[in-house]
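What follows is a set of notes on a single structure, which appears directly below.
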Amino acid sequence: MRPSGRNLSEMRAITIETGVMRHAEGSCLIRVGDTQVLCSASIEEKAPPFLRGTGKGWVTAEYGMLPRATNTRNRREAATGKQGGRTVEIQRLIGRSLRAGVDLRALGERQIVVDCDVIQADGGTRCASITGGWVALRLAMNRLVEAGMVSSDPMLDHVAAVSCGIYAGQPVVDLDYAEDSEAGTDGNFVMTGTGRLIEVQMSAEGATFSRDEMGALLDLADAGVGELVAAQKAAL
Amino acid sequence: MRPSGRNLSEMRAITIETGVMRHAEGSCLIRVGDTQVLCSASIEEKAPPFLRGTGKGWVTAEYGMLPRATNTRNRREAATGKQGGRTVEIQRLIGRSLRAGVDLRALGERQIVVDCDVIQADGGTRCASITGGWVALRLAMNRLVEAGMVSSDPMLDHVAAVSCGIYAGQPVVDLDYAEDSEAGTDGNFVMTGTGRLIEVQMSAEGATFSRDEMGALLDLADAGVGELVAAQKAAL
Amino acid sequence: MRPSGRNLSEMRAITIETGVMRHAEGSCLIRVGDTQVLCSASIEEKAPPFLRGTGKGWVTAEYGMLPRATNTRNRREAATGKQGGRTVEIQRLIGRSLRAGVDLRALGERQIVVDCDVIQADGGTRCASITGGWVALRLAMNRLVEAGMVSSDPMLDHVAAVSCGIYAGQPVVDLDYAEDSEAGTDGNFVMTGTGRLIEVQMSAEGATFSRDEMGALLDLADAGVGELVAAQKAAL
Amino acid sequence: MRPSGRNLSEMRAITIETGVMRHAEGSCLIRVGDTQVLCSASIEEKAPPFLRGTGKGWVTAEYGMLPRATNTRNRREAATGKQGGRTVEIQRLIGRSLRAGVDLRALGERQIVVDCDVIQADGGTRCASITGGWVALRLAMNRLVEAGMVSSDPMLDHVAAVSCGIYAGQPVVDLDYAEDSEAGTDGNFVMTGTGRLIEVQMSAEGATFSRDEMGALLDLADAGVGELVAAQKAAL
Amino acid sequence: MRPSGRNLSEMRAITIETGVMRHAEGSCLIRVGDTQVLCSASIEEKAPPFLRGTGKGWVTAEYGMLPRATNTRNRREAATGKQGGRTVEIQRLIGRSLRAGVDLRALGERQIVVDCDVIQADGGTRCASITGGWVALRLAMNRLVEAGMVSSDPMLDHVAAVSCGIYAGQPVVDLDYAEDSEAGTDGNFVMTGTGRLIEVQMSAEGATFSRDEMGALLDLADAGVGELVAAQKAAL
Amino acid sequence: MRPSGRNLSEMRAITIETGVMRHAEGSCLIRVGDTQVLCSASIEEKAPPFLRGTGKGWVTAEYGMLPRATNTRNRREAATGKQGGRTVEIQRLIGRSLRAGVDLRALGERQIVVDCDVIQADGGTRCASITGGWVALRLAMNRLVEAGMVSSDPMLDHVAAVSCGIYAGQPVVDLDYAEDSEAGTDGNFVMTGTGRLIEVQMSAEGATFSRDEMGALLDLADAGVGELVAAQKAAL
């Protein structure tokens, strides 16, 4: 029933290649099916102004998409003069999600910027960005730990994300573009390695949904995130 | 335990005053505790370009906040030269939520713009905007129905929204600012008059949450939206 | 002869309701006929950079209009990415006018920002903003005086403003929108409580005017501002 | 008493050199003392959108200042990314003033853009822009008349402007920068060749002013504009 | 003498991998040493407005750099709100260079947009963009030719570019970042496959240069471009 | 053969009038044929942030064009909200060129801003800006030298620029607009008073060019810059 022939609870193939950007403190290229996101983590030895003097650090994220990552070319945001509403929403989500897995006090007064740039898009780019962004962040943190710049590891747990939705009346996991553009309801679940929830964002895109459907989607997400966390562990 | 002395499942006082803006096709002032939002609906006899020739209409929303709606003055977005990320997220949410309650084909090729301007803020401004914005939209639709400009009523159902969160370890409904700024987890539930879900947005702001807590929040939201829908009916 | 049936020298009904915004140091809602402006004054314990170290303070103003304050919806300035020329002109006028009634040295190195947001427009919004903005400013100053933060009252005199114009060949006071859009000449007079002039701005909008007409308009303005000052006193 | 040694009612030297820009339909360099403004008028055979199909034309103006026209260098507005509030106010004033001297219906559906660029500033740049801008406009109109593109001359009368103010307690005309920066009250008077008023803009910059002072300033302006109109006639 | 140990006339290793972006009509990843640029060509069946009705098409280019392509993170241009001067210069150069190798009349009224995004930077990114961009363009043109959408092949010749400079007093080819940041003079040569010049851009960055040095650089460029053209041929 | 009747190697008439802007530390009006550029140099006793504490100064340039400097009116960049790509390229070129003639260490931690504003355009405005900008810079430097604010003269040599191109198949110098818009290849050569090269920028605008043609253009440029340097000397 799914355009790709997958089962309702079947994820796409996941690969995470680390160390792909020579200059970054941490980096990876994550592929989830045909979706490809290049993630880097950059350590800056200066916390943002609102944290000066608090002893706490910060993790933030920026998201971008190459103009031809998509089926038809999108205008380059640098050329339009601003980041669109969708971009702003996504990068705020990535930042919040990653911070939920970090002890900002243990990080100390510095900032890590995670850049997620979509090279190729086929649905689920924000979830791939969170999952891959976490790997880049973990690698950058390793440098801080190894260099003795932090007294304890600031990473609390894995963070990964998967999309779920109601497609053709059925709850499915890890929607590709063909499904995403047709789904009556879809959204994203961000979870920790131990299965706790960080973000739940479900939207009716054409059909409202019931409490029971919400439960089915939570079940799918829980299993899907488990696979993503396993892929993160394998990559490190 | 709550700063306001409310029970865990107790909503703040809700009042909806209609017809407060002389020029608008529909308008109301919604008060949820000390939060006050002025909502107007403006009918434009032209659909946005992407709908030209489709026979379908559109409902969109814009959100703003007076600089001194808050405890300390915020910079005016018109003066900073752009709408912030939070504003963009909120108005996209309001627009999506209201569209879920409208048959856009029955509306015909026209657009209704719902403006939600926060006069005073004490938590829950986006939920109050959705709940009050729906009333303004309903009033504007009444004009179209009465004038025979639509052949059937484009409104499918009530739409209302409430915030829920985990405050001091307990699930609570309709957070005020004091709670919102301290909650470990909070979010918003947008639902129809018949109890179906339109949007679920939960974020861990300092503590992740469990599947059981998610369930408790859904229960609170369900009851809270029921009260809001009753207030909408009373106002009309 | 006037669309509203008023006499040439007859003002519209004036009401000023104070304390309408919980968070602001001073606030009021001024109604001049159907024109409604929400005014707030916010004290900031930091003077603008060009006054650092001078011992002097500053009073500035910002002006906005809700998109549907007018008969047809205006684009939200925050969404267009800048304040239009008309807005900039008006807020500069409000700021200059209010500063003419304040001893900036007695204020000390702090700034008061007066926000004037038009909730409903029917002509004369800049004059109502000045008249109401002065009340908000007076209330905020009272706080400084009462708290002993200033050694003498920085307020020198009342400041109020009224529009005048040549409508259908006759000089009239306090033009509403119907008159304003048809007047051959119109403008604004800002005056003190003792009848001295602060600003005179007269523009030919279709017909030039004579020295004698200028004199008649000054007479009307003088009487009109007297009524506005009386309303300010009544409100405080 | 005046820094320049002039009498209270004495204007600075005025010269208007026409035809200084090879490409423009009309142009002049106006010098009022040390203030120098390059004015050009450009005919565009297309009226602005709001006039399409009305048979009426438009005259508009833009104002700029070279970065080093002033004593200390100002930032270039093209580099800051927007025209400042002062620039916007001035160019709106120039446009309104020039339109008061033109029969827009006789002009037909075309637009004339008057550019006023300050080469050197020593007070009174907006008045010099109006006076010089009118000459550029007149020259461009001559081309339309000579080419038979208009059936009657669209120019109704001369338009010229002069600044006046209260300097050291005395009413003076045509303030230079030294006076302008010290004046308690100053402003601008735009008048026709026959002595009728187009714009009056007086602002208290430190001291309010009386009705009698307003009268004295109007007298000075009337005489000053007479001299400017004579200079316009001499230049043509 | 060169930091990399290369001879004065020795290019870095060049690899061009085609077909790397699924959605683009033409694409490649070009690597010149550690510099990596992802190039795509997108066909749009609409010429830019200035060519409507002329029967001619257009080729344009956009250039970007991932924030962490460099040694320290650069701010994302989409977030700063505009493309910097360097970016604008580079993308104008790429566009002009590629157009020199295309018969725009044979292309017909359509546009091809070549996007060059630097994944990793180590000097020479604009030259790699031109060389790789040409391959992407060639691949997209092949589609037009194969589909019979053009009656003759619009490609006139190969276009490739190499940097040259005076490093430590010696003329060198294909500068890497270590050389580029120290060179007294450097610049770029864009040439055709038959050795004709398209662009020459040499700048003294600290030391002026002589006519003889200019000649030596032209020699180096000629040989270097020859190698690049061979790599283009090998890739296709 | 040239539209102006000039010989292939014949420059247009050059005049440089100094001291034309009262407020600037150095200024001139340069005329090259019908091209006229007003140049000023402003000394700022503060180096840009990236040079703080280095003991070195900076020279930068800004370029502008009056809207009606050209045959048809161009939009004012201040009104469009940004400097176009062409403007940015030109002002970067002027700044780099002038810095090549200055010992920034001898200048000390201050900045000189050279503004080049085109009053009338007939081709070659960037070259005239460099040639005239150098004169303004020299005059401003004289002030520093005379005031003993620098211990040695920071000026190393003259800097001047000329355009060259292939017009109707022949190499020509100092192209006017009629030639510039038709030339198959054109570009700019910036050189010192002793004939060394600072910048070479040649672009094929329709026809590629050979190594021999490049040589012929270098010869023309060498002679042309000689004449410009003579005019600079005559003006000082």
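Order of writing sets the chain letters: A, B, C, D, E and F. Residues in each chain are counted from 1.
In this section, a contact is a pair of C-beta atoms (placed from the backbone, for glycine too) under 8 Å apart; a residue touches a chain by one contact, two chains touch by 3 or more.
In UniProt terms, the chains line up like this: A, B, C, D, E, F = Ribonuclease PH.
What you are looking at is a predicted structure, and each value in this text was computed from that prediction instead of being measured.
The minimal number of chain-to-chain contact steps leading from chain C (Ribonuclease PH) to chain F (Ribonuclease PH) is 2. Two chain pairs are in question, A-B and B-C; the one with more C-beta pairs in contact is B-C. Computed centre separation for the pair chain E (Ribonuclease PH)/chain F (Ribonuclease PH) is 28 angstrom, with centres defined by C-alpha atoms.
Rounded to a whole number, the gap between the C-alpha centres of chain B (Ribonuclease PH) and chain F (Ribonuclease PH) is 59 angstrom. Averaged C-alpha coordinates put the centre of chain D (Ribonuclease PH) at 51 Å from the centre of chain E (Ribonuclease PH). Among the residues of chain D (Ribonuclease PH), those touching two or more other chains are numbered 82.
Taken as a contact graph, with one node per protein chain and an edge wherever two chains touch, the assembly forms a single closed ring in which every chain touches exactly two others. Annotation: chains form a contact ring; the order from chain E (Ribonuclease PH), going to chain F (Ribonuclease PH) first, is E, F, D, C, B, A. The part of chain E (Ribonuclease PH) that touches chain A (Ribonuclease PH) in the complex is made up of residues 21-24, 27, 34, 38, 40, 42, 44, 62, 64, 66-73, 76-79, 81-83, 87, 113, 115, 117, 119-120. Residues 82, 85, 88-89, 92, 96, 100, 187, 192, 196-204, 208-211, 214, 218, 222 of chain D (Ribonuclease PH) are the ones that touch chain C (Ribonuclease PH) when the two sit in their complex.
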